[in-house]
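Common to both upcoming complexes is chain A, partnered first by chain B, then by chain C.
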Partner chain A sequence: MAHIRKANGLIDWLDQRLAVHKLFDVLMVKYWIPKQINFLWAMGVILTTLFAVLFVTGLLLVMYYKPDTALAFDSVNKTIMQEVDYGWLWRHMHGVAASVIFLIIYIHMFTGIYYGSYKRGREMIWVSGMLLFVVFSAEAFSGYMLPWGQMSYWAAQVITNLFGGIPFIGPELVIWIRGDYAVSDPTLTRFFMLHVCLLPIVIISIIAFHFYSLRIPHVNNEISEELDFDLEAEKYMAGDTRNSKVIPFWPGFLSKDFMYICLFMIFFFYLVCFKFEFAMDPINFDPADALKTPPHIYPEWYFLWSYEVLRGFFFDIGGIKAFNIGLAAFGIAQVIFFLLPWLDRSEVVKPAHERPLFFIWFWILLIDMIVLTIYGKLPPTGVNAWVGFYASIVFLLLLLVILPIITIMERKGAK
Partner chain B sequence: MREIKIFLIVVIFAGIVYWGVEPYAHSVMKPHVAPANFNFSAEDLNYAKSILAQKEVALNDAKKANDTKRIESAQKELDKAKEDLNQVKTLWDKVAKIDLSKGNVAKGKEFFTENCASCHGLKEDNITSPVADSSAFGVIPPDLSAAGVIFDDKFLAALVINPSVALKVYHKFGDNFPMPPYQDTPEVMDANIANVVAYLKEMGNKFETNEDIAIKKEIETKYQKMANSPEKTALINKDITFAKDKATFIEACGRCHDVKYDNFFTPSKHSDLKTYLGSIPPDLSMMIRSRGEQYLHDFINDTQKLLPGTAMPRVGLTESAQAKVISYIEKVGDSKKEEREKTGIYIMIFFVILSVFAIGWKRSVWSKLH
Partner chain C sequence: MATSESRRSFMGVAFGTVAAVGGVFSLVAMKKTWDPLPSVKAAGFTTVDLSGMQAGELRTIEWRKKPIFILKKDASMAKDPKRDVVVDNAAYTVVIGLCTHLGCIPAYHPSEQIFKCACHGGEFDTSGKNIFGPPPRPLDIPPFKIEGTKLVLGEEGPEYKKMTKEA
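Let's look at the complex of A and B:
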């Protein structure tokens, strides 16, 4: 056992038993971040903050929520929204944060793509991040069901139905997921379990892994420069803080991020109190009714692009049913981003504006996904259906065909 | 500066997504309607004409497609639209001829007791309805004490002449609406209608005055023990407004709709309402959040415009009565609106101040790093 002496304070007492100084050093003071970064590098900490907001407001909401089809709607809209002190605030914060977190996730993802942060040594950061995206999607979907409004019910009906398209086990799988032949009380109760128990545990574990995956390859920077972190850290610790290309996580990086969080929170609470309809669809304030299909069923905005890929294929091709083609394309869309580090065949790690072909590809991808998002909400009739069809084709081509081709060209041209 | 450029790009793209999935997509999905019009004669004529125009377009399309079946059904619908327009025109022409300012209250009461009192009560004048529950008609016939103040008087005249057309439920009930149309020679009819509307208005004003007094008394009793202060006056005024709004709501909507979040339940039986209207009228507790103020405003004014084919009658409320109804629905369904907007400002101010400190802290840390 280590030698324990009389402590000269609480910190020292803890340090002798838990090595808190060393821990703080490893996690904070001697965790090095590149200096040349812009505000886009604050998205990670903003995401963590939003997750914390979701976690805390979620705990408060669980105290009053009732996962029962007969009680759920009123427990949310009457008890929480009107009777509990500031219940409306927790619910609005929870709903708006759930929506806004996806905006930040997309910004975070596109930042990674633009600066090549998924490449050469950073693949696990990218993959764990994509894993987080998928589990977050499941978390958002299961949470959207809980108020048991019209959109909760019908979105659950449509989405669980998708699993029916999986070969051989589809129909049985749907019943297994729903816990009944149709979406009903057992479905609500199990989605409640997923939303408040299993998925949060999984998310927290993956977040920890995502952070850990940054330790070895380190955070990328604005010019995608490969830094010798040991050398730069030595420079910093020797007192040459101005010329060192790195900063410590604490207080250098976090002081900047704290500033961005504060500015972001002004905007966030504007949304929470004054502009929340984008995150809390009015139709979901009608109680679920299995006999009354709403005229338009659409998912939340952050699922629209993949939803549009799903319904973009609206006619049978070569004897294969439209539903199956759509489902296959949807399946590809869900996993394709995982493969990004390997679909990019070039070794060049540079920001997109220094990779001419990739630069064009990046902006076309972004615009195509915005087109998919907007047309994913519009009724799929007439010309809209065709826009959706071509945008879906473009999406698949961009990732499956064009990206490998242009990056191979880049690699060969670089030689 | 580079950072600002990047920020602007992020804002622009996020803004396009927001615009596309919110205002733009919803404007595509929601039916476009003319704004609420409390001149019901003009409203009904415009609506019938717009339907006629739609059906003409449909017929032309069918002719272009050269589809005999489609042409046939489109022609049928067009004929029906023409018929509807005629019906509406005939009704409102009749109403236009009546001089409502020349009504005689005493004669109106006479007419009421002879013709209306077999179904309708008028408690303000000690007339009780013999129809006590909803089993006979599917809904309890309204007591007309408040009718003269909450309904438009031209609408009331139209209602007496041809109820199912005035209420815009002809498509559902045809000529079998529980309340029969009033028929007589034109001169007798015009005089009688002017008289009965005058009577209803007289009673309505009396009813409102008495009701205001009763509400005021009840609420002052409720706060009796509280010491006088500006807060107390504010509380009393708030409660009085709410009670008045609720009273109007009950008169206008309460015979069919529940508002369970305010513990209000319709005296008509749900099973009777279902037989009568085809489905149980929805609970209105959360309508302000699910439909929004604008929709409610347009919908109550002319139900068919936003929900073609609905069995819900056009209510015929005056603009001020309708405002009270919507105000009640909002106070029940979005009771924390005031608190939300006030708290929102405070939280935002808090983060503005915190941001100032955060910027200062960042600068002091980074002064050694640059």
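Let's look at the complex of A and C:
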């Protein structure tokens, strides 16, 4: 046991028992961040803040929510919205944060792609981040279902039906997931469990892992310069803070982050107070009806691009059913970003504007995903169906074919 | 020393086996916990009397929490000997009203005589056959039995067995 002496204060008392100074050093003061980074690097801390908002507002909502098909709709739209003091605030904050967190996740992802932050040594940061994206999608979807409105119900019907496309076990698997022949009470209660218990635990563990995965290769920077973090840190600690290329996470970097969080929170509460309806689909204020599909169903905006890839293939090609092509394309769209560090096999770690072909590729990908998002919301008829088809093809080609070709060309050009 | 090493590996293997057996049993139990409950499985039969239906009329009823479309064909609609349910000399289209793509309910447009699914644009004709869009197969026909002018859903009658054998 360590030598314990009489403490001269609370911090000292804790330090002797829990080594809080050492812990604070490892986590904050001696965790080094490059100086040359821009506001896009603040997205991680904004995401952490948003997750905390979701967690706390979720706790408040779950005190009044009732996971029962007969009671769920009223417990949300009557009890929480009208009776509970500030219930409307927690619901709007929860709904808006759930939507906006995806906007920030996408910015965070595309920042990583633009600056090559997924490459050489940083693969685990990228993979754990993508894992978070997938689990967040499951979390968002399971939560979307809970108010048991028309859109919730039919979203659940369609998404659970997707598993029916898996060969051999599909139809039985759908019934197993639902716990019934159609989406109903057992489905609601098990999605409730996933949303409030299992998935949050999984998310918190992966967040911890995502943070840990940054510690060894360290954060990338705006010019993708390879820094000797030990050397730069020594310079900083020796007092040469001006010439050192790094700053400590606390207080240096976080103070900048706090400013961005403040700016972001102004935007966030503007949405919560004045524009909350964008996260509240009007159709979801009709109670779920198993015998009537709404005339036009679509997911929340952040799933539209992959939804459009799913339905983009609307005719059979070479004897393969359109349904199966769409499902396979959708499956690829879900996992393809995981493989990015291996699809981009160029060893150059540079921001996109210093890799001409990759730069063009990046912007075409971004525009294509915006096109998919827009057309995912429009009815899939006439010319819309064709735009969706070509945009889906472009998406698959960009990632599966063009990116590997670009990086092979880069490698040859470099030699 | 050799003896104690082998004893240790024996203990390791023995413990591993016990843990694996326990693991398999708990996975089976967990799988079954997610299965539909007996009360859900025991969903009953639904009987519909078709005698009051007009030619060209579409009726939607509920069976095992799914919508069932019953369309009495009129003279303008093409007959389909493989899929029509003939009751009292009239041809009916009896299908589960869930799009075979992803399970939305298609809406019937009487003027165009098609079932159209708004979700992904799938279309079906009056016999329930897919004519446009991503649905991979015609609308499914539920198990049925004919009793006079009544249709019993959930029971496989001789007409249904004949139909599935031909398909």
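Just so it is clear, the second predicted complex is superposed on the first by the 415 of 415 C-alpha atoms of A that agree within 3 Å, B and C clash if a C-alpha of one lies under 4 Å from a C-alpha of the other, contacts with A are read in each partner's own complex, and residues count from 1 in each chain.
In the analysis below, a contact is a pair of C-beta atoms (placed from the backbone, for glycine too) under 8 Å apart; a residue touches a chain by one contact, two chains touch by 3 or more.
Just so it is clear, the structure is predicted and the values come from calculations on it, not from any experiment.
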Exercise. Which of the two partners, first being chain B and second being chain C, lies in contact with A:Ala7: first, second, both, or neither?
Worked result: neither
For this session: Considering only the touch criterion stated at the top, classify A:Trp301 as touching first (chain B), second (chain C), both, or neither.
Result: first
For this session: Once the structures are superposed on A, label A:Ile360 by its partner contacts, choosing first (chain B), second (chain C), both or neither.
Result: neither
Exercise. Given the touch rule stated above, what does A:Pro379 touch, chain B (first), chain C (second), both, or neither?
Worked result: both
For this session: Give one of first, second, both or neither to describe whether A:Leu89 is in contact with chain B, with chain C, with both, or with none.
Result: first
For this session: Please indicate which partner A:Phe258 is in contact with in the superposed arrangement: first for chain B, second for chain C, both, or neither.
Result: first
For this session: Determine, under the contact definition given at the top, whether A:Ile283 touches first (chain B), second (chain C), both, or neither.
Result: first
Exercise. Is A:Val158 touching the first partner chain B, the second partner chain C, both, or neither of them?
Worked result: second
Exercise. Is A:Phe269 touching the first partner chain B, the second partner chain C, both, or neither of them?
Worked result: first
Seminar exercise, completed: Note: overlapping chain A surface for chain B and chain C spans 295-296, 379
Seminar exercise, completed: The answer for chain A against chain C in the complex is residues 154, 157-158, 161-162, 164, 175-182, 184, 186, 190, 290-297, 311, 313-314, 321-324, 326, 379-381, 385
For this session: Would you mind writing out the residues of chain A in touch with chain B in their complex?
Result: 35, 38-40, 77-78, 81-82, 86, 88-89, 92, 103, 107, 241-242, 247, 251-252, 255-256, 258-259, 261-263, 265-266, 269-270, 272-274, 277-278, 282-287, 295-296, 301, 304, 366, 370, 373-374, 377-379
For this session: Would you tell me which residues of chain B are touching chain A in their complex?
Result: 2-3, 6-7, 10, 13-14, 16-18, 20-22, 24-25, 28-29, 261, 282-283, 285-286, 289-292, 333, 335-336, 339-341, 343-345, 347-348, 351-352, 354-355, 358-359, 361-362, 365-366, 368-370
Exercise. Okay, in this complex, where on chain C does chain A touch?
Worked result: 31, 34-37, 40, 43, 60, 62, 64-67, 100-107, 117-121, 133-136
